[in-house]
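For reference, chains read A, B, C, D and E in written order, and residue numbers begin at 1 within each chain.
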Amino acid sequence: MISLLIAIPLLLAFVSVMWKRLAKPLFFLAAVTNMTVLLASWFPNSVEIHVMGSWKPPFGINLVFDNASFYAALVVNFFFFLVSLMPNLVESYGVSLMLLMAAANGFVLTGDLFNSFVFMEIMTITAVTVASRRENFYNAFKYLILGGIAGSIYLLATIFAYTATGSLNMAHVSMATISASSLVAITTLYAIGLGVEAKLFPLNGWVSGVYGGNDLAPVILGTSVSFAALYMVGRLFGTVFHGSGAGVLYTLALITIIIGEVAALRQQNLLKAFAYSSVAQAGVVVAMISKGTSRAMGLAYFHLTNDAVAKFVIFLVAGFLVYNYKNLNGVFKKHKVLGASFSMATFSLVGFPLFAGFQSKLRIIMELFSMKDYLFPAVMLLATLIEVGYVVRWNVKLWFEEETDEKADNPIVAGTLALILSLLLVAVFIKPEIFLGGAMKMGNALADTKDYIHGVLSVVKGGM
Amino acid sequence: MALSTLLISLLVTSVVIYFISKVSWRAGAILNFLIGVFLISYVFALHIGVTSNLGTLFGQKLQLTWTHASYYFSAVSLLVIVSVMLFAIKWLDSQKYPAAFNMFILMMTAGSLGVFMAADLITLYIFWEIAVLSSMLIVPMGKKESRKAAVIYAVMSASGTYMYLYGAFLAFQRYGTLNISEIARHMVSDPSTGIKAAIFLLLASAGIAKSGIFPLHTWLRIAHGNAPDAFSAVLSGQLVKLGSYVLMITVAAIPSLRVFGNIPFYSGIPATNYFLIALGATSIIIGTLMAIKQDDMKMLIAFSSVANGGYILIGIGTMDPMGFEGGVLHVFNHAIAAAVIFMAFASVVYRTHTKKISELGGLIHKMPITFLAYLFAIISLAGIPPMSGFISKWMIYQALVRKGMFITAFIAFFGSIGSFLYVFRPLAGVFLGQLPKKYKDVKEVPPVMWIPMMTLVVISLVIGIWPFPVLQPIEGMRMDYGIAPTMRIADSSHWLIKGFSGSWNPVLVFNLFIIGFVIAYILYTMFPRPKKVDLLAPHKEEGAPINIYTGGEYIYTPELYHYNTKFYAGFERMYEKHPSWEKVLEMLAKFFHDLGEWVHGWFFRPSPSAYTFWVSLTILIVFWVRW
Amino acid sequence: MVAAYKALFNLVVAFFLVLSLEGIGRKITARIQRRIGPPWYQNFIDLFKALSKHPFSNGWIFDFGVLMALGGTMATAMVIPMGSAFWTPFPNSDNFFVIMYLFAVGALGMAMGMVGSGNPWSSIGVSRALTQMLGYELPYLIVISSTIFHYKTASIHKLIEMQRGGWNLLVMPLGGIIAFVSLMGMLGKKPFDIATAPAEIASGPMTELSGKYMGLLHIMHVFAIFVEISLFVDIFLGGGNFGWYLVKFIVVWVLAVMISSVLPRFRIEQMIKFYWGVPLGLAFLNALFVLLGWTL
Amino acid sequence: MKERTIWEQIADSFRSRSIWMLHYCTGCGAMELPPTMTARFDMERFGIAPMATPRQADILLITGYLNTKTLRRVIYTYEQMADPKYVIGFGSCTINGGIYFDSYSTINRLDYYIPVDVYIAGCMPRPEAILEAFNYLMEKIRKGEADGWKRYRENYDWYKQNQIRSLGEVYVHDEFHE
Amino acid sequence: MVYIISIILVGIGVYGLMTQKNLFKHLISLSIIDTAVNIFIVATGYVNGGKAPIYTKNFPSFAIGRFVDPLPQALVLTAIVIGVGTLAVGASLLVRVKEKHSSIDVENMKGVGE
């Protein structure tokens, strides 16, 4: 059943290669199906695996479906579903999006290291295609090069893991005892390899170019794909390597937070500014994951979910504005609904009360204090301070500056979606359980290695 | 109605008000005003000690309680806000975004009330941010510079707020509770001075940022100076008082004398408090000196708010019964005075469209009621009897002299005399003197705008004569915080205010005034009636010169014969080349900006080659570090 | 009721005493300058002549300012104790700070009325007067604060009572001298008559004053001098009875007049620099002595 | 002449003992004032004091010649003085134009334009003459005879007419204004 | 020996990426790195003196450790395919880059702001 998540988009992608005009409805179909599949199997609360070709784990490739991968897949597919509702965004990228969807789902669900490499590479290649929209070729190319290097390093790490443990199955690898020096090599290489997709400093040079280059890329890459990538960070460093190498991640993540916010502060381009902000938020999440406890990881993904929803709204609105107006001053006077949702989303990003970001940020800080980590909260609050600066600046610019004569039609679907999502952010503030429950289950699943190993290696269910 | 219901329904109502205002903003403004009046009556009817639950957040109960402090601060805030709401019914027609203004001002009211009611640090934080956020969105509705002002306001406020948050969680981590009174109890018995001091200063920094105390004062000038004119009254009269409230909470609700009794610095005042006092004193100096040289009248009063914030902090910081009451009473005085002053300025700007003192003059002939409101407000602000402003200054001086804090006292005196200087500058430049020709058709503002001003003035005057209704809740507050609970300062049966070094009778002082005026008036009427010199002659008759002493010269353009630029040139010259903290902060901002440029240039812009370089370098460094 | 009579008596004493002293002061200045000088009652003549003229009024704020100046100063003069606890009209309200700030009403009224005349010379004069205040008040207030700290009371009549054993001037001579220097500034006597400098700014605030306005402000000035010198006498030369009070008052006045008649005028920033230099430093030194208990 | 009330008599005697003087010094005569004021002659012993503004002054001392340009200022200043006010014409120039009598712009007789209470003849009058003039003026004031200010009020039209004839419209705009 | 070759190749690739101005050369360098990694993978599977892991009659006589590991070879196949895919996408992007910016030399490209 779960393998449908990968199979259907893949299949439909190939179908739509032949009938190009069908790409848009097929993408919608794929998204709906995936959502249906996911909703049908709401929170498995146990580790289910789906073996491929009757190879019992640790042999062969298997898909793992537990709370963590379920929640990640849910978020990933949710955003694909939202994108599929907006035909003008999907325009001639239906195939790429379907492939990206398949790859992201595969990346999330797979229980095999090498398979995850394969999915990551497909993800990179399709993401590059998506990134090249609106003639953003050079930046897409840069992304490709960086993704390629990262892929090689990830592959290298996988091979090291294989030579050290003799297995590629994540559960099996996590059981094995690995010599300290190999572990260092493996985790470092994984950190670097994933760092590109997880937007860790200094491997995130591609972000501004890709996110700032068109209106589709940030909407989907900044939400679904980065969620998938950050899920893998949690899976590898939380479940498989038991927190080894977390120090590297922690340090890099803290630097990332500051660097991201500082770079966002000076940015004059709306999309790029929030691209950097998403760099910084990724830093927060990675640093939180590197803490390794189930609560910390749960909060990290809670924060990531809030951030993804907010970012989706922000990039949606920003993309619309940037490609319809030359001068952004005071545009929200003409698009009040877009403006209101944008403002709510940005305030959620900062963590003002009444919005979801408040819940996650404060919980994270509280959790850190209870872990006696005094540095990270300080860094985070400093970052938030910088964030306040540019968020307020953008809001003021977009709402209050003198407007120009340019006109554009109100995008009805996008506006409705943005409004609903930003109201969702308010709802999450009032009732954080909407996201928090799932995120905490995800955190538990990621941190609970024993259960994972047990689930993967001894129970065999389903199959294809 | 429970407190929590009140606040939440206020927040919801504010959104409703927005849509009503979309239909008719005036209806929204009137509704706002009615809600404000209801809130005042509600606040006065509440009993001390009422508590209410707001819900739970991360397993912590969010609680609201109604204390003497909440009563006092809410009442003061609402007085200011309701006046501005009434003022806005007419004033809003000069504004571009009346609907949003109506919504945010109500939201801000809810936020401020929530801050005053909060029983724990997180509730306080939540409502604090609501108040900041909604006020931050009103600020950029003003003129061009106000956009930048909003950003600076938000960042400065946030810098304080996040330090506060850090402090709150530090306290939570150490004491396992966020409830203010419980934290206070734990802190008394906590032996570690360093952490206590850290918590204390971090919590106080929110108040420091908000009430414009020295290192974080620069936002006041730009935000108060450029916000929509009537809203400056709320900013300076009410929002700044949120900061004073937090300072009071940190200094008094956490009994700093007992908590830091082991580090006395001077005259029984702990070093932590003394640090705050030093900051307050610095603010007084900066605020006064900068206010004296401002040409923009709103910025002038903004700097005066810095100075007065310093007074409040000094008063509360001493933790002396007199000083504490003086500081808290000063909250009331400054709130009323600043609100009236800013409303008067808003009226002036409403009619003349400029806030530069050097472009105005002689408006007394056209706007006498506005002038009177301004006059009485500055009498209160400068701390001259019989307005209420004097009482608080007197109390603060009592405390300073009693403690023998002569340098602080010196600074307080300096600020007080300096305040004569700066409040006089707009009085002379804007209202008195010669009326420029372009304003010859200016009219007095309509009653809807002057009634709130005059109401506040009357309140201030009445409190100046009979201060006991305000002093009672303050005494209650003092009892709550256990500052010399046996001492009585307000003696209403003998009409006396008693200090450590003597007392005075405000009613008597007022009566002396009346007697003095009566005698003066009798003398005035006894002697020949004056012939009127018409200062407006050049406006009425084409070609008529000014009929005042001009050294025999004929002058036909009144604005040429009006002294309002560089009013204190002789004094200003003495500190022309002063160091500017604002520039330091600007440098800091520029540093971050340049850092961003640098980061961008080095890590984000370059070609794939550089990316490769960074990836390789990172791998090498990480391996090097880990092996 | 007795208090009211005492207060009125204050006014009467102040009026006649100071007005005659002003005349005497003119006489003394004249003698120092080897002139004959006007008779001692010259100022009464000047005053009544001014009151008898037909003046010009520059608008209602001008009138109101003059009334406020005179009323406020009179109110202050009514609170002043005259040298002993008995001649204290309102023993409950003769707090130093109350007097000091009450006094400001008169100054504010005058400043407002004069600027209300619409004449820039008046504005310049007022701006100078206010700046001056920043100069002389600060050392003065520090000295008085240390006195209050020393005697633990700010009530003037109690201060007088406590000086029965010896003048405060002898307890803290440094403070007394500084207070006297400040008093010179307060009186607006010669080196510090920057605000009214007739040759530069056409007598500053008074430029537009004619007839009875001049007269009423003259009366206000009389009461102001009374308040200023009385405060000095009460705080530094306290003790004794009403008669001695008058003697001390005259001595202080004559001293001030004599000093002022031989000095030229400061420029405004020179004056500020002067007061914020040595007098302020010494005032702090005095405060330090008081804190350490090193009083005589 | 109208009978004075008792109050007026008292007031006049005060006025005669306290004369505040505004001196209008364009001519050479101003040189004679310093010795009159300082130790040698000491004007102050009669209660005479110099004032800086016309509002406070009682007498206008016009030293030396006037021309069409300065006369306008003098009239303006005179009108700004508070009643009762007196004028002393100092030196022959004020009486008949003195040595400048035949200049195109010199005003030859001051009392065509403003009422003069006392003239001091001479070129220059010595300080003794000035004091003598003051004493004479004080005497006149005491007796209520120095009524130039009343005459100016009563014959305002005549004075105005003279002024306008010589000077043109008094309220003229010159190039510095508008 | 093979390890050294792959390390040298990675070095060449990195050098190429860092020094070359031509974007196509970047792509080639990336491909070299891919190849180097692939060689490395194949090399890890080799067991010194091991036999091909083919099921034969005398299979049991081999000790387990004497097999050459077959898995890396399978992995390499996939990796090569992916590398080719990357190369293809990159090349097609470069065609468009050339169209848009009129050059694929980093220093001569037009309209590359920020």
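Note that in this section a contact is a pair of C-beta atoms (placed from the backbone, for glycine too) under 8 Å apart; a residue touches a chain by one contact, two chains touch by 3 or more.
Because the structure is a prediction, the values reported are computed rather than measured.
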Any chain in contact with chain B as well as chain C: D
For chain B and chain D, chains touching each: C
Most distant chain from chain B, judged by the mean position of its C-alpha atoms: E
Reference chain D; chain at largest CA-centroid distance: E
Central chain of the complex, centres being mean CA coordinates: B
By count of C-beta pairs in contact, the leading pair of chains: B-C
Distance from the mean Cα position of chain C to that of chain A, given in whole angstrom: 77
Rounded Å distance between chain A and chain E, as computed from the means of their C-alpha atoms: 27
Where chain A and chain B are represented by their mean Cα positions, the distance between them in whole Å: 44
CA centroid of chain A to CA centroid of chain D, Å: 95
Multi-partner residues of chain E (at least 2 other chains): 17, 23, 26, 114
Chain D: positions in contact with at least two other chains: 53, 55, 80
Interface hub residues of chain B, defined as touching at least two other chains: 548-549, 607-608, 612
Contact pairs between chains, per stated definition: A-B, A-E, B-C, B-D, B-E, C-D
Residue ranges of chain A touching chain B (in the complex, touch as defined): 141-142, 145-146, 149-150, 153, 181, 184-185, 188-189, 191-192, 195, 201-209, 248, 252, 259, 262-267, 347, 352-354, 358-359, 362-363, 365-366, 369-370, 372, 374, 377-378, 381-382, 384-386, 388-389, 392-393, 395-397, 399-401
Residue numbers on chain C that touch chain D, as the complex places them: 26, 30, 33-39, 42, 45-46, 48-50, 52-56, 121, 198-199, 202-203, 206-211, 214
In the complex, chain B residues that touch chain E: 605, 607-609, 612-613, 616
Of chain B, residues touching chain D in the complex: 543-545, 547-549, 552-557
For the chain D and chain C complex, residues of the former touching the latter: 11, 14-15, 17-18, 20, 38-39, 42, 44-47, 50-53, 55-56, 58, 80-84
